[in-house]
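Input: structures, listed below.
What follows is a pair of complexes built around chain A, which joins chain B in one and chain C in the other.
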Partner chain A sequence: MADTSVNRPSFIALSRRPWFWAWVASAAAYGATLLLIDGGGGIDLIQAALTFAAFSAIVGIGQMFVITLGPGNVDLSIPATMTLAATLSLKFMGGSAGLILPGLVVAVGVGFSAGVANYLLIRMLRIPPIIATLSASFLYQSLAIWSNRGLRIKPPQALSDFTTGTLLGVPNVALVGLAVALAAWVLLERSTFGRWISAFGQNERAARLSGVPVEMVRALTFIGSAVLAGFTGYLLASFSGGAALNMGTEYLLISIAVVVIGGCSIAGGYSNVPGIWGGALFMFLIVSMLNSYGLGAGFRLMITGAIIIGIVAAASGRDPQ
Partner chain B sequence: MHFGAVRALDGVSLTIRPGECVGLIGHNGAGKSTAVNVINGGLTPTAGTVTYRTTGTGAASARAAGIRSVFQELSLCPNLTVEENLRIPQRDLTGPGWRRRARQRIADALDTVFPGHRLQPRMTVGDLTLAERQMVEIAIGFAEGAVPARLVILDEPTSSLDASIARQLLDHVRDFCNRGGAVIFISHMLGEVFDVATRIDVMKDGRITDSRPRNEFTQQGLIDAMGHVATAPAEARKETSAAERIGDEVLRTDEGLTARRGEIVGLSGLAGHGQAEALARFFLSRSKGRRHARHPEVVFVAGDRGRDGIMPLWSILRNATLTTLPALSRRGIVDREAEDRLGADWKKRIGIRTDNMNNPILSLSGGNQQKVLFARSLASTAPIVVMDDPMRGVDVGTKREAYEMIRAEAAKGRTFLWYSTETEEVCQCDRVFVFRNGRISAELTGDEIDEQHILAASFEMKEPAE
Partner chain C sequence: MNTKAKLLGAAALLSVAMPALAQDQTGDARIALSNNYAGNSWRQAMLESWEKVGQQAVEEGTVAAADTFTTSENQATEQAAQIQNMILQGYDAIVVNAASPTALNGAIAEACSAGITVVSFDGIVTEPCAWRIAVDFQEMGRQQVDYLAERLPEGGNLLEIRGLAGVFVDDEIHAGIQQGVEENPQFGIVGEVHGDWAQDVAQKAVAGVLPSLPEIVGVVTQGGDGYGAAQAIKAAGRDMPIIVMGNRQDEMQWWADQRDANGYETMSLSIAPGVATLAFWVAQQVLEGADVPKDLTVPFLKVTQDNLDEALASTPDGSVANVEYSLEDAKAVIEEAQAQ
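Moving on to the complex of A and B:
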């Protein structure tokens, strides 16, 4: 008796967390997949899930900050920025192990430049972010095509080993993704900047009148999203053995889906970091579950869509207070 | 009726007959708005009943009984036009030609209540000024509909209207009651309540503590009944302290607005003649960049809380500390203990009525939300405070406290730029600029600051006859 009276309130408190349903859904998808595969596959599945979810989580965190800014704020240039950063940085490194860190600087620099360009389009030309980032993404993608010319340049072996390797059984990229998430959590929940982003998303005018430097907040948020996209492109290309022109495509939908599944408000002002990881794991696990049940691609997409709708409905059905 | 631990209403008994205009008064958080929401069916009482002339309970039967509410927090949809906003409460406006009928009804209502208004039913509400939006909201309350208006509840209807428009409304209310309608008139402006009410009910801490016909009350008696000790007029103190308080000029704008250190400068004139825009322009020009966030030169107290002030998703505490956040943080991380201390300090200093500063801001009544916005700005170190009609919907007692606080802050060397639609507030100022058509039409000082001079400067003397 005493035991339940202690546990129940904390469970209720937990279930009211916005990220709760993303994690429940991930666990359910994991369990359902395990039913079909042998005992040894469980660990492999977790490792694969952590690895692929890490890529989604890193771009998702960038997208989350942008979406927190409120309606109309979304970064559609993430896929193209990933591709461009991956292409240029791998070309720069040319497979040489000595250039791994400078290559990272190139990737992050490409992301930074893309972020600045996005922001300038929004600020100077007063184009809505959704249009500005979409049109800019065509530019970035063209640059990537132009510089790539259909060649697939291999990453340095040491970098490739790092991105595919594990530490104590945990994939290295997952550790990187967790570190990014931790930093993002501190930024969102504990820092002045996080408060400013949330204030911006709730009421930009009121934030401005309360002394929040709104233009700086907007600039840093879009730059941050593009930097994370560039960084993810670098990691993903190294992981998959080279940059491909279509490598970013699926991350357009995923980066937005993980934000929504993670329980962040699409109307802005209200976000959380644990939900991004929960959503990222879910997006991988649901596909592997449907694969292991041997369903065709069309059916798989349909089920994925239906489940996302279900989670979002469940999450928004709960009382926000 | 209670919300969480706060008991908002406690044994309220109220009967309203046709032809009556009940003035409902009380300090902030006394339960006036809650009582109204119980009457119109928006809230279900936790104990007790509400009876209408139709049967049943709840919002639908309140509507069927002809009960209309005009809220203190403006409830129009800014993206819709005036006529479209009428459609929201009037659900019989359907089928082909509903727009034409809506246009007719709202135009008639506006013409009746506010003769000479310049509103068009096709205007988008978001483009209207605060005063115009309030006029539309009031007109919707009185407009013809499937069920004629029998009881109209006006919650702070004149808070953003200037004197001449407010007078039109009071005339209409009197007329409406003479024709057998009933009105509940909630206002902090006691003069208006005296003017229009046939009976006055005083609320205090969720109860009706006094209910008498108007002529049995005096203004002073009312203030006493509301439970705030009325202090003697502060005019004398103002005069003595002003000379030593006021220092060198600290600001000068293109319009010709000037202010000196420690001075309380008022902006007056008819509502919507460019005062709010002048303040916003000045604020925005002086608050750019990152350095400003840490050491603000000027802070802003919003009067239009929903549009300019409140962060609706946040707690009271977070709302209160938004402006001071950079000062409360080290290396970009918020020091939450210091934040809690600041919150507790200001909760005590201006009496925010809540049991926990971590409650959502929207759990507070309008006047208490306004106090939080005051705290947000005054907690900063900024030498200039800009106030855009900050006393909307604030009760008499709180207002007096705010005057004291403003004067104390001015004595410490702060400069205040204070736009107000109420003459009483403007009279608290050391110097007053009267605006007309976006320009300064007069600068008043000392004994010139009174209603007569302000009105004279507000109106163009050679106005073409309409």
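Moving on to the complex of A and C:
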């Protein structure tokens, strides 16, 4: 596999990295948009891309771990979990700066509960994950509607300032997203747990027989995904001035798209973290590029679809597994 | 022979008198709301208005029931099944905000032939047997450009924020805006993004396109996207253009804050979610036997610099400006349509 090529960092070796094409595509989309920009707009675009990609990357990392578990494993409750966590935590904080950290605990707690509920549906009722998380998402969305009837509550000013602020020119939410990615990378590549997840996705039976605690791995993976979704909901609502019932909608597609574009195997077992960020940047930059060139929505969706197919084809052309 | 003629005469008399007897007899009528979507603040306010007005009408004995039903997935097939259930449940009238202008026609024709009055509003249906309370979305687009033309006689570059691609409403408002720009050639649309009627999506789309745009003097919108646009423009450090708003409380609050800080001026227009209550009263009028034209038009709810504080005060935090319509309002709308 590509691991042996670390010692000779040539272009060919690099291009065999599964995440390579996502970054190439992001750079190309950025370059093409840059042609239309004069002055300091290039920096603005990078800042905007880092900011918005951070949200996609955090939910995408949760989704990546779930997809790594193998065919049929996908978390469709991410949008509803984001909305519910954001609604409840912002309602709890009620704009009060002293409650920022407890509010974060509420958001993460909501995510944790949603993850536990998802897992119990899968484990106790033996419902396939795709159906379990889909039906659970209706429940979470209804709870969000019922708890606040769609009213937008403002985040505390300090939290709003933090999420929209920058540190040395780098958006704060991007730093948070990078920290999450770094932790996920260590977990996936350097920990026993990461090996277990990959083993689970490559062959569940073999993993079970070799002593991997497969049910614990599955439980923690779904809980992790929901916790990251809850955390993203908290950040996104604070960033955009309040929780809205439809705030998570587009993150269902995005969370899966960044995993696929990032070069992770959709059949599970093989994933990588840098690709998630590459995919997240790409999903933002491609829309910006096509909007900047004034292309219509129909064309935009077509091109996005074609590029996703192209990247997946290019990424799967690497070493046979 | 004589008796038969008498009987016939009596029957004829009865049939003439029946409609008159039916007057003011909607007390045992049951009206159902078939709603296709509840996932945003506008729809939530709509449901609340319906419940408030419906409950009051039930208490006063005007109707027997005013129940609401919402589908979970915004799917036409699901809503068609829901309407079929309502037929079986024996409702006298179905008020519908439709997921599709055409896909429900079969179910609605069934309801009509079962003798049920169907009134569609906001998301209207094309089935001829149903009443339509339509929004003139094109006019909504045109009025935005007209307002900007008034404020900025020398014109300039505009950014257009559209709604959800592929939805009828988005195409209509867009067509109105295009027409407005044609009539006011001093304006040009230099950027067009889809904000999906959600502040965070609009914010993201605008932030992505801003770096490549020249200076913009105005932003035309579709509602639910103005605040997100303002956030993105502020983050990019640009001069704030005139952003036409869509009656959301956060938009109006931002506008009021800007007005107090630097005299910012704009306008805001949308449809009040309470339009559901207008549909309710129209259904009640049809059941009562009133002569109601099939096509009615919803009035816009407009917020200007002058009534901004008033509108803000009456709108709950995080909701959308709303009015509930009364029976008199419904009669006025019906009369207006009759006059045309």
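One rule holds for everything that comes next: the second predicted complex is superposed on the first by the 310 of 321 C-alpha atoms of A that agree within 3 Å, B and C clash if a C-alpha of one lies under 4 Å from a C-alpha of the other, contacts with A are read in each partner's own complex, and residues count from 1 in each chain.
In this text, contacts are C-beta pairs under 8 Å (C-beta built on N, C-alpha and C of every residue); 3 or more make two chains touch, one makes a residue touch a chain.
All of these numbers come straight from a predicted model, not from anything done at the bench.
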* **Fit or clash between chain C and chain B when superposed on chain A** => fit
* Asked: In the superposed arrangement, which partner chain does A:Thr192 touch: chain B (first), chain C (second), both, or neither?
  -> first
* In the overlay of the two complexes, what angle sits at the CA centre of chain A between those of chain B and chain C, given in steps of 10 degrees? -> 130
* Asked: Which of the two partners, first being chain B and second being chain C, lies in contact with A:Gly41: first, second, both, or neither?
  -> second
* Among the partners chain B and chain C, which is in contact with a greater number of residues of chain A? -> C
* Check the residue A:Ser135 against both partner chains and state whether it touches chain B (first), chain C (second), both, or neither. => neither
* Determine the nearest approach in Å between the Cα atoms of chain B and those of chain C after overlaying the two structures. => 34
* Structure fact -> The shared contact residues of chain A with chain B and chain C are none
* Which chain C residues qualify as touching chain A in the complex? -> 38-41, 43-45, 48, 72, 162, 165-166, 191-194, 196-201, 203-205, 207-213, 227-228, 231-232, 235-236, 248-250, 316-319
* To do: Would you pull the chain A residues touching chain C in the complex into a rising list?
  => 33, 36-37, 41-42, 44-45, 48-49, 51-52, 138, 141, 145, 149-154, 164, 236, 239-242, 244-247, 249-250, 284-285, 287-288, 291-292, 294, 296-298, 301
* To do: Write out the stretch or stretches of chain B touching chain A in their complex.
  => 280, 283-284, 287-290, 292-293, 296, 299-300, 302, 307-314, 318, 322-323, 325-326, 329, 332-334, 360, 376-377, 380
* **Residues of chain A touching chain B in the complex** => 186, 190-193, 195-196, 198-199, 202-203, 205-213, 216, 269-270, 321
